Every structure is written in structure tokens, then in C-alpha cells.
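First the structure, which I've put down as C-alpha cells, then a few questions once you've had a look.
As written, the chain order gives the labels A, B, C, D, E and F, with residue 1 at the start of each chain.
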Amino acid sequence: MNISDIIIPVISLGGLGLIFGGGLALASQKFAVEVDPLIEEVENALPGVNCGACGYPGCSSFAKAVVAGEVEVDGCPVGGQSTAEAVASIMGIEAKVGEKQVAKVICNADNKQAKEDFDYQGIKDCKAASAFNGGSKSCNFGCLGLGTCVRVCPVDAIEITENMIAKIKPDICISCEKCVAACPKNVIDMVPESQEVVITCKNEEKGKIVRQKCDFGCIGCQICVKSCPFQAIDFDNNLAVIDYDKCTNCHVCVEKCPTKAIEGDINKRKKAEIVQSKCIQCTICKKACPVDAIEGDVKKEHMIDPEKCIGCSVCAEKCPKDAIDMK
Amino acid sequence: MREMIKLGLILLLITAVAGLVLGIVNSMTADIIEERLIAESLEAMESFFPDLDDASIIDEAEFLDYDRVEEGFEVFSNGDVIGYTFKTNTNGYGGTIEMLTGINVEGEVVGIAILSQAETPGLGDVIESDDFKERFVGIDVDGEIDVDTISGATVSSNAVIQGVESAIEVYLEVFGN
Amino acid sequence: MKVFSFKGGIHPPEFKEYTAHLEIEKAKDPKVVIIPLQQHIGAPAEAVVEVGDLVKVGQMIAKPGGFVSAAIHASVSGKISEIGMKPGTNGEILCAVIESDGKNEVDDSIQPRSDLSNLSKKEIVSEIEKAGIVGMGGASFPTHVKLSPPDDKKIDTVILNGAECEPFLTCDHRLMLEKPEEIIKGLELIMRGVGAEKGIIGIETNKPDALEVMFEKASNYKSIEVVGVETKYPQGAEKQLIQACLDRVVPSGGLPMDVGVVVNNVGTSYQVYESLSTGMPLIERVVTLSGSALAEPKNMSVKIGTSVNDLLEQCGGLKEEVRKVIMGGPMCGQAVSSTEIPIMKGSSGVLFFNEEDGDLPEASNCIRCASCIHVCPVYLQPLHISAYAEKNQFDIAERYRPMDCIECGSCSFVCPAKIQLLQGIKIAKNEVQKKKNK
Amino acid sequence: MSNRLIVSPSPHLRENTTTKTIMFDVAIALVPASIASIFFFKTPAAMILLISIISAVLAEYVVQKIRKQPITISDGSAFVTGQLLALNLPASVPLWIPVIGSVFAIVVVKQMFGGIGQNFMNPALAARIMLTISYTDRMTQWVEPGVDAVSTATPLTFASDFTSVQSGAPSFVDLAIGNIGGSMGETSAILLIIGGIYLIYRGVISVKIPGLFILTVAVATLLYSGFDIEYMLYHLLSGSLMIGAIYMATDYASSPVTPRGKIYFAVGCGLLTSVIRLFGAYAEGVGFAILLMNTTVPLIDRYTAPKVFGEVEKQNA
Amino acid sequence: MNFATILKNGFVKENPVFIQFLGMCPVLAVTGTATNGLGMGLATTAVLLGSNTVISLLKSLIPNKIRIPCFIVVIATFVTMTGMIMNAYFPVLFDALGIFIPLIVVNCLILGRAETFASKNSTPFSIVDGLAMGAGFTVALVVLGAVRELFGSGSVFGLNLLGDAYPSAAIMIQPPGAFLALGILTAIFNVVILKKMKS
Amino acid sequence: MLDISASSLFVILVSAILVNNFVLSRFLGICPFLGVSKQVETAFGMGMAVTFVMSLASIITFIVQKYILDLFGIQYMQTIMFILVIASLVQLVEMIIQKTSPTLYQSLGVFLPLITTNCAVLGLTILNIQERYNIIETIFHAIGAAVGFSLAIVLFAAIRERMEVANVPNAFKGFPLALITAGLMSLAFLGFSGLV
């Protein structure tokens, strides 16, 4: 092995390295440009490969776009999950506090239940159709089922049923609210994911008129308002509205509503059950139960009558020993 | 400033190590590569230099200015130089045609060999036929090259002719006396 | 005679033969009229009467609700029985319902004027305003507003629009044949009202009789000229008419007044003369009733507020099942969901279509035949606007300038893939406007 | 059915022309040339036409079934594609060639891009080129009309690499009526032109694209040959210039929609055809020229948008 | 983080070819035959392995500011080494891959892994990651090469599978075929594998 | 010593733009071709930046080759030297542009980092040497390659824009269809083969 065979590459490459290392460092001081520190931070979290796979010309352009809100934090395919998380935390987009809100169509009346005024022929799009008398449905507050929301949903969470009504799958929805903005009938609301009981009508007309137009409409009878044990239902503009903070998903209103305007599956109603081993027989739950479903006295075994229990969880929340399970 | 020097030095260190490693690997593989380059062409060369028993690579620096010539070999028989062989790359119809042209010490083309080509099967690949290759045998380096192209494969034929031309050119430039 | 025209456009079948030969008939007096309080572009009028009030013919029942607005008058005498939401052309609209007492008593304020020649420029415009006149060519823009351009816009020409390029409609045609004198006098008044020295009446060449009559009558007026314009849709659209008659191009986003022109419908002109000479405001208009499902197509002079059902009866009812009812012409008119709706100031026609005519073919993929580009009279590329609108990409749609569309519908008409291009464009327009308003 | 009224946006009238009538017209226009090809090349030509059309239509049906999209084979566009592809093949090809070609045209070039009108490239042509490159030998064996399986050169070979027509070239009469070697449909210039006139008369195509395309080639070959009229005519009448210019460059989906764009497109096709014919490796340049121009169509469309009514005036004001 | 997820990422979830679309040039250019695809895949894997290892070892030494030049030097060194070794011992492959061997340097996959993985994780993990990603890349190349070779020449790894009667679709081994084959394979990958993963 | 004819330069140019188009037949620079081609405007910016970098890099690497690699006989260090030179150079230029001309930076500078790690540039410089081009030929080759790249990416971007509204099968949305589009473009570009 010839010694110069080794020396030459070492010197020439090393020299080049020295020059470039120093040169770049010098240049970076000399030509320093003020950059939004946030952009810089995002850029540092990116792979820095400048491959362009994100569709932007290089990592710094992508960083700029992220900061400007033009692109989602997970837009870098090279970085994958970990980068997306890092960028998200820089951007302060952490999981929104509180429960996940999912989009929900506040209308359950498909073309079987809701009367149609005319046959609409035109672009199959809710925006387009709503320009004609607000859409072919007699009821001017309902879902038209032509799928404008479907087309804006980035994750295909929305489906139009056979009978022309939009249904949103809560497990797929990512809470982007694009559909809420796009729906020309304003019939999509954001609802807590665990909410089981939802009044699915937005019609503000008088009950008599609603009755003519739709089988599932809220006719303003206010039975639900009166029956709700938790005063969770307000009545305004001829329309009942649930306050989701107060609602305990007890399904009482669902049973009472004469028109099926309130959605909720009574079979899914939870039941309270006392774990006897934990129970200290304090009667707190008995006092809390709004429907007197709990029997028991101090130092006597407490029992919940499953027939009476409406699954509101009030007892479970009150129980000091966590002895009540909701099943 | 301190920072700058530090960065420069680190890069220097890394590049120097890289250089070192590469230098070592190179010196380990260079000979093998050269040997196999010769070996690869040796068999093909035998088709027109039947007497050859050894060959060596001609220093590339000699014909750096000749675009199409890839490599040159001196061909020996019993220790005597009996001729030269040049490997050329020319553009055919479907891609590069890599070929060898053998020229003996008398300045006469003794034969060609096609090493690789990507011409259209059935059309351009007739350049591999013996009939076509034999058209080049005996061409004098000082004379004109007058070889008929194959109809339907003009592009391919011309590429081969160009290869021979380039070989002759280098031969004349470098060894022509 | 030289025939004038514009670039683009289409030749839809005319269907005018149903009614072109029929004299204007006076419709029976309605028992009840439903008068919408907004029959024009701009602010709704504000009611000045209450339920239970007795009104007389020509009495103002609603006053203009703003600068761009027009007064509304009672078309029959009787009692206001209701003021509330009633079905209109597009959804429900605030209406005053008058139960006629059958007497047709005329309001005291209505006084004929024998001499119109001494009316000043200002007076003409204010009289038009008082009469509640709006454009009767379809768009219902308050005429007095149109006749009051800002001071820096000098109007030199008034064009009367006698093109009547919409298929089926013949009300303007009949009016020109039956009331040529009045139309021309109305034009004179309008010219005086805006201070224009020239008047042009543009008539499509498919109405040679009207051209002839108008030509003859106009020969007495040296500032008024009658020109034939090519039979082509949308010849009657004002920008195209101006280009055809004067070779002036209204700038994109501009108004006729930007090139010193005012365009009025011949019916509007007739109404101007009528109202100014008799004092009677706009309470009646000529309506063409036609279409494949109608037993006896007719041209009728109809009181504003008469319901379509009333007229249907007077035309012998339906001869086939009706599947579509259109207020206006088949190109620009609006399909309505019920016949319980009133005739308005801008209603030039009511068409009744049977299944075959009413049912439109399904749309399929655009095949890029470029017909829509070829026919668009304002040189848009409807295929792109509509495609992007359908994909909710309004920013890109905007690049193709939907706001310049005059909504003539030529593109939808020719499209071999039967795409509802104009509807797509309207959606785009809406969204673009929404964005601008933000 | 219901007594509800129909409410639809204006306008409420529609022209009678539909996608189907347009495609039908194209198919009719191609009938003379198709018959001629059967006349000259006998049964094999008929088989190729049949197989090509059937497999194109079938491919469209299958794709739409799989995609659960409405079946639109009745609009006739797949039929036209199959027909044009067949006319672009030599009569000697084995029958699996049109099958592969049709499937490629419909599935890869057309349906993957969303079906009719949304493909940016001409399906039949792309398939033809794909076949030429894949199966060069089979795709370049032109048979002499009437005689079975005697391969011959296309007439273009007598002109493409030279600056004058070479001896041995077929006569102009043969060129015009189609008594020459070549692919099935490119033989008879006259019948193709007759079909073209029919299409222009029916308003399916305008003379703009074919006219300018052919004119450009004429000018280019005239200049190249030093104003040799015979040479120019030879270029116009032989090869696939006529079928390309009249039926393939005019394909709606893959040509510009703007009036100005059509001009650039046609001239571009003409120039590229001339360049490839005169300087390129291929004797025939029409197919490549059209495909190449197809790739430029979206860009052309973008930059040749017509000036909107009243636009200029506004800027001046 | 465990080895299994790293492996799964490399093969499927973050497959460099079908999901991340990285290093597309060699993917398209050298997959005319399955053999070439395999060769390229292995060469890339070797470099990836080397660079991941070295970089994870040096990660605390390299200052952030000049990390990219440093990574490049490391990668380039491995590339050059690989090239020399191939030239010496696998000359046929070396010739077939040609210019795409030095171009491994600029394969975003390698720099990408260096930056997103090796510079942040321990050496053993980085080695596995390099192997997994390299394997994902190699498998993709081999599949693409096999498909192209099969349809384009009737053989796979030079083994004639379809018989002499098969009319080779030469287009498949030409540039258009590379794009088309990769496009269709990616679509299939999307449909089949991703659907499976979801369920 | 430089023997250059106008026609040979023309041949180099045409060959690099059309016949051996970098993207469509040589497969160089595919990543930015696929990545930065969603809009015509960005694609054009990318093309311009590539043109600039390619020309610059070709000249510099030519010098490096002649006066370092060839001189010392260390041709095997080509890859590492070239990539170092290109990377540093581009970064330097980017810094300078960003400081001196924000407008130029917006239209050109932002694309620069992307180009460093793109095979087209490194590939070009290696090809220049492989083809033994002299300095003038090198420059022409660089310009040709860059124009070819720009042409391909701009056409491609326009086609992709059009596909935005098309009813594309779900499985093919995005990259798969982009690849197929590129395939069809490359098919069309085969028409130029044998042109020079």
C-alpha cells in the first residue's frame, strides 16, 4: 500500500471539509436573516431532507406553510408519526381539552318521513338544491341528503343513506368541522362523542305545520322538557334543545317523545349496579337517585331496581366509595 | 469565531476520516477492479487476437479527450505487443452500444466485438450478427471506413461504425507514429 | 336592412307559433289578488296599509324601502284580507292579499295628464318612480333608478329591447304590433328623462311584421331608429344588444351606463307612456301563457297579483299532465313548485310543460367538446367553472370569472353531456360573492 | 308517478345533441374507411375491427362494474376508441394485439383518469404507440392490400428520410384510394376526408384542427424539399396523417378547449409530425406528435383562456 | 419503541417506496430486471445500515448546525465503499446499475432515516431500522423488477417463466413501463395491504 | 484545444431536452418531479431553480474534477467530493439570495434546498464527466438537462391540475395516478428517440 494513496485523499477531502465547514459557518453569520422563530423551530423538528415529498419546495417552505396553517402538521411523509407529533406540540395543537366533539346531523327524517314539495332536478349537491325553495323537502330545516358534506369530509366519515339522509360515523370523524361549515342547511352540529341522546330536529316552525311536513319533527309539545329529570332540555323558537353538559343520557325523553324526534337507543341505556363489596351502605346514592330506583337504609344492603333505573349515573358520581358501576 | 473554527475542525475531522477510509478501501480494491476489467474483455479480444496471452490497461490520461473511448488495452503475445483494443461507447437506437475494436500493430482493424447493446430485437440487434461484424475486418487505419449499413437498422449500424472510427482515431492520436 | 349581431349564442327552437298570432286578451278580473311586496331587484317595499283597510285601484299599498326599490300599488279595489308569507316564485314571500269588491274603483290620486311635452327631466323620472315601474324584460330593476345615473355618466343613447329572444314568449311582439305608437312615445319620454339624444329600437328579424310596423311609426321621429338584430339567443341580453346595435362593449363588471347607454324593454317603455299619460301606476302587464301542457296558449293582459291558477282556467286548463311550470321564458325563467303563485311585474310568461318537455336528461361526464365555450356570449369557459364549483373548489372556479356570466343558459342548452353548467356557475357566483362580502 | 312538479335550474330547454349522437357520428364517419380496409385486407381486417371494438366496450363495462359507477358503454365512446385503434393496426397482427391494445386504451389511459372526457391522452393512440414499442416486429409488418401476408413498406418509407420521393413509390391514385400498404385505416385518404367532411357538416368537429395540422405539415415538407410539390403531396397522402388529423387530433378529451389553444395544438402537431418524420428514428410521426401535444394540452388551455367580454376595455378605462 | 414495530414500519406502514415515495429514481431506473432490483436494494440497504450505525454512534458528537454536511459525508463514504466493492466483486451488477450507485448518496431515504431515526435513537434500534427500511426498499424493488421482467421479457431473475411463445411486452422494461408498473403496484398496495392493516 | 461545433452543441441540447429527457427517460430528479408538481407556478419555480443550480454545479464540479480529482488521480472520490461541493454551494447561494433579494428568494430561493439532495444535479455532474464533455459542452448539457426537467415538470403539473376535478378511482388518487401520467408522458417522449 502506497502511503500517498492514503495521504492525498485525507488531505484533499479534509481540506474541502474545513473550507466548507468554516465557509458555511461564516456565511451563516454574515447572511443571517431574521426568521420567525416558530418557523425555525418547526423546521428543526422536520427531517431536513428537503425531498419535496410534502409538495412544498423543501423543509423550510413546509415549515412556513405549517405555521401559516396551510397544511396539517402531519404533512411530512418522511418524518411520519414522530415528526407529526413534534410539530404538533410546537404548534400548540394538543388534543383539545375536554371530550372529543364529533359532527352529528341534526335531522333524522329521510325521504320516507319528510314530505317533498317537488321533484328536484339539477346538480346533486345540497348547496345547489337549497337555492330552490331551500330544497325539495317541505321542511326547510332538514338534511337534503345530496352529500355536500360527504364531499368536503377529508376522512370519508359521512355516508348518505339509501333514503337520502346524511349519517356521520363518530368513530371516523376527526372533528375538523369542515362539514359544519359546508352544509347549507346548517343541520350539522358538533356533539360530544359519548352523547347518546340527541334531538335530531331543527325545525323552528309551529307544531301544527311541522306535523304536516314531517313524521320525525319536533312539534313543540314540550313533553321532553317536562319529563327530563335533570332540566337538561330547553325550549326555544318552537324547538327543544338539549344542554349536553346537563344531559346524563338517561333516555327518559327518548321514551316520551311522541314523534321520534329524539334519537337514542333505549337498549343501550346503562344500568347502575352496586358492587356490594365496596358499598358502605351510606344511603347517599339513594338520596341522589332522581327516580327512586335505589332501596336501602343505613347499614342495610342497598339494591338498585333495574326496572326503575334510568342509567343517569348520578348515583355513581355521588358515591364516595366508587361502589357503583354503570353497565 | 470560536464556534466557526470548531465547526470547521469537526467537519475536517469527519472528512479526513472519510478520506482515510476511502483511501484504504480503494487501495484494496483497485487492483481487483483492474484485473477484472481486463478479464472481462479478454475473452472477447481473443475472438480477433487469437494469439493473445496477456493484456494491460492503458493509462486513461492518454485519451481523456476522446469522449467515446472508455478504455484501451495493450495486447501481448509472448511478451510482445501484438496490438491494441479499445472499448467504446456510442449511442445506438435503444441506448448505449458498448463494443471493442481490435487494431493490430500494423494498423489494421482485426475485428470488433459487441459487449452490450439494447437495440430493438429483430431490427437493431442484427449488429451482433457475424455477417455484419466481419464487414469491419481488414480496414486500414489510414483509409476510409466504407461499410454498408443494414437497412432497417441504420441507426444501430452507424453507431457501430462510429465506435470503430473512434477507436481508430485514438489509435492514431496516441500510438500513430 | 343591415342585421346586427354579437359573437357566440345559440339558436333554440322558437315555439313562438303558439301565440305570435294571438291578440292580447284581457284577463278576467281576479276575485283575489296576492301582491308580493318585493317584485323588483333591491330593497323590499314597506307596506303602508293594514289588514282590513279598503283600497282602490292604483292606490299605493307599499312604499319603496330604499333607494333601489319601487312602490307597489293595488291592482283591484277591495279589502286587504291578509299581509303575510305566501308562496312565491322561489319560496315564501311577504304578500298583501286583496279581496276584490269587483267594482274596480279608481283611486282619486290618479289623474290623466293631457300634455306630456312640458314635463321636465326630473318630473319624468319622479313620475316613473311614483308609478312603481320596474323593468318588464325580466330582471325587474326599478326603472327610475336606471334613469338616474350619477352625474359623471352621460347617457347618449336609449335602446329599446324588442328582441324577445326567449322561445315561447310573444308578449313584446304583440305589444309592438298593437301599441307601436305608445312604445315610441314612451321611448321619447325615457330619452328626455335621461337626456339622451338618440333612441334605438332593436328587434329580432324573426318578427318582420313588428319590425315593419315599428319602422313605419318611427319614421316620424328623426332621433329614433329601428334596427333588425339577428335572431339568436341571447340577443336580448343588454350587453349583447348594445354590442349589436352600437358596437360598444360594456366593460366587465360594468353597467350599460358606462358606455352611455340605457336599455329598456319595450314593455317598460309602453308602461312609462301609459302611466305618465293616464296616471295609472304599473298594475297590469302582458303575459304569454304557453307550453305543451296548456290547452289554449294565449297572450293576456293580466292584473298584477292574479294567481297562475286563475289564468290556467282561462286558458282552457291543461290538456296533458303538467310536470313543470315556468315563470318567464324557458331559458331564463324559473321553475316553480306550485301554481298557487301570483303574476308579478316582471312576469313575461308562464309556461306549462308536459312530462316530455319538463323532464331534463341526466348529466354525465363532460366530454370537453367545447360547445359551451363556443356559445358563451361573454366568452367564459363554463365547463371549468362548473366543474370546480361542483368540487367545492371555489378559489379556482373564481379564476375563470364566474361573475361575468350573464346567466343566459346557452352553455347548459348546448352541452351534449347535459351538464347543468349554469347552475354550477351560479353556485360559484354565490360563493364568490359571499367571500367578497366577508 | 307523483303529481309533484319538477323544479330544476334554468334553462329548461336542451339541444338534441348528446354524447351518444356525437360518438355515433364519429363511428359513421369512419364507416367508409372501415369498409375500405375490409375490402383491401379481407377477413383479417374484419376480425381485427370486430375484436378491437368488442374488447374496448367490454373493458369499459368491466371497469365501471368494478368501480360501481354507472355503466356508460352505450355512449359509444369506447366503440369509437376500439374502431380507431383497429384502423391504426396493420392487418397482419394476431388477434390478441387488438385485445391488449383496447384494454390498455380503456383501462389505463381512459378509466384510470376518470373515464370519458377526463383522460388527458388519446386512448387509441396511446395504445397504438404502446403496441408499436412493445411488439415492434408485428406492428411494422405492413401487408400489401389484397395479397395475404406479404409484408411491404409503408409508402412513407419512400419519403421520410429523403428530400424527394424515391422511385418505386406507389402512385398518387393508389395513395388516394388506399391501394397501398399501411395500417388498416390509414390507407385511403379520400374516404377519410369524406368522413371528415361529414363530421364538419354535423358540427362534431371544426375544420380548425385538421386543417391547420395538415397545412403545417404541407408547409414544412415544402420548405424541407425546396418546394417539391410532389414530395409534399406524398407526405400528406401517405401514412396516418389524414386519420390522425381528422379523427385523432380532434379527440375532445385530449385536445384544447379554447379557440386559440386549438390553433397552437394543431400547429404543434404539424411541426412535431414533420420533425419526427424528417429527422426522427420513426418513419411515421403523426402518432407521437399527437401524443406529445396531448401532454401540453392542460398547459395550453391554461394560458389561452379567451378574453372575457369587456375585459380589455376595463383596463383601458 | 420495539423491534417489531420498527420492522412493520419499514415493510408496510412507512414503506419507503409505496408510502413515502422516497428514492424514486433508482426504483424506476434499475428495475428492468428482478436481479438489478435486488442488487440495488441490497446496495442501498448496506449503505443505510452503515450510515444508520455510524450516525447513531456519532450523534452526540455532531453539532446540530453542521449535521447535514456531516451526515452527507458519512453516507457518501459508505456509498463510495459499496461502489468499489461491487465493482470489484459484482462487476455485472455494477455495470447494470451504473450511475445509480453513486446516486445512492442523494436517496432521500438514507438521509431521511439518518435525520429522523438514527440521530435520535440508540444504535441497536438504528441498526434494526436500517435493516427494516432497507428490506422494505429491497422488497419493493424486487417486486417491481420481477413484475417488469415477467411481463417485459417473460422471465424472473433471468429464469424464463412464460415460455418462448410469450410475446414480451417490451414497453415494460422501457421507461414508460417503469412508471406504469410502479403506479399500478402502488395502487394495489394501497388497496390490499392498507385495507388489511385497518381491519 | 476545445473543438466545438455549433451543431454538436445543438445535438447535446436537443438530446438532453427531448431525447434523453432527464425525468422521463433517464429517471433523474423523480422526487421533486413527483413532489413539487401540484401547481404549475411552483413547478415553474422549481424548474428555474434547477436550471440555475445545474449550470452552477456543472461548472464547479468540472473544475473540481479537472484540478483535484484528475490531478491527484483520486477519481474514486468523485461522489463524495461532488456532493459536498454541491451541497455547500447551494446552501451558500441560498443564504446570499435570501439576504440580498427577498423577491428572488420567493421565486427561486425557496426551491434551492430541495435541489441539493436531488439526483438530477449530482447525476448531471457525474454524467458530464462520464461523457467527457469539455467545459462548453458541459454548460450546454446542463442547460439542456435543466430545460428538459423544467419542461417535463411544468407539463406534468398542468396535467395534474386538470386531474384534480376528475373522477379518479380511489385507489389511484394521488401518487399512483401521477406515476401513470408520467408513464404516458414518457411514452409520448419516446417519439423523440433517434432524433439526434
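The definition used in the following text is that a residue touches a chain if its C-beta (ideal position, glycine included) is under 8 Å from a C-beta of that chain, and two chains touch if they have at least 3 such contacts.
Keep in mind it's a predicted model, so treat the numbers as computed, not measured.
Trainee: Chains touching chain C and chain F alike, please list them.
Mentor: Output, common partners of chain C and chain F: A, D.
Trainee: If you count the contact pairs for each chain pair, which pair has the most?
Mentor: Result: the chain pair C-D has the most contacts.
Trainee: Determine the centre-to-centre distance between chain B and chain F, using the mean Cα coordinates as centres, and give it in whole Å.
Mentor: 28
Trainee: What whole-number Å value describes the gap between the mean CA coordinates of chain B and chain D?
Mentor: The computed centroid separation for chain B versus chain D comes out at 46 Å.
Trainee: Between chain A and chain D, tell me the centre distance in angstrom, where each centre is the average of that chain's C-alpha atoms.
Mentor: Roughly 52 Å separates the two chain centres.
Trainee: As a quick test, compute the distance in whole Å between the mean CA positions of chain A and chain E.
Mentor: That gives a centre separation of 40 Å.
Trainee: Specify, in ascending order, the residues of chain B that touch 2 or more different other chains.
Mentor: Chain B, residues with two or more chain partners: 7, 10-11, 14-15, 18-19, 22, 26, 93, 120-121, 155.
Trainee: Tell me, which residues of chain A touch at least two other chains?
Mentor: Residues 8-9, 12-13, 16-17, 20-21, 24-25, 28, 49, 51, 53, 117-118, 121-123, 128, 131-133 of chain A each touch two or more of the other chains.
Trainee: Please output the residue numbers of chain C that touch at least 2 other chains, ranges allowed.
Mentor: 335, 337-338, 359-360, 365, 390-391, 420, 423, 426
Trainee: Using the definition of touching given at the top, classify the network of chains in this structure as line, ring, star, complete or other.
Mentor: Its topology fits none of the listed shapes; call it other.
Trainee: Got a list of which chains touch which?
Mentor: According to the stated criterion, the contacting chain pairs are A-B, A-C, A-D, A-E, A-F, B-D, B-E, B-F, C-D, C-F, D-E, D-F, E-F.
Trainee: State the interface residues of chain F toward chain C in the complex, per the touch definition above.
Mentor: 164-165, 167
Trainee: Which residues of chain D touch chain F in their complex?
Mentor: My answer: residues 67, 69, 108-109, 111-115, 118, 120-121, 126, 129-130, 133, 272, 275-276, 279-282, 285, 287-289, 291-292, 294-296, 298-299, 301-302.
Trainee: Which bits of chain C are touching chain A when the two form their complex?
Mentor: Going through chain C, the ones touching chain A are 90-91, 335, 337-338, 359-360, 363, 390-392, 420, 423-424, 426-427, 430.
Trainee: Under the stated contact criterion, what part of chain A meets chain E in this complex?
Mentor: Chain A reaches chain E through residues 17, 20-21, 24-25, 28, 44, 47-49, 51, 53, 77-80, 82-83.
Trainee: Over in the complex, which chain E residues touch chain F? Could you list them?
Mentor: 21-29, 68-69, 72-73, 76-77, 79-80, 83-84, 99, 102-103, 105-108, 111, 171, 174-180, 182-184, 186-188, 190-191
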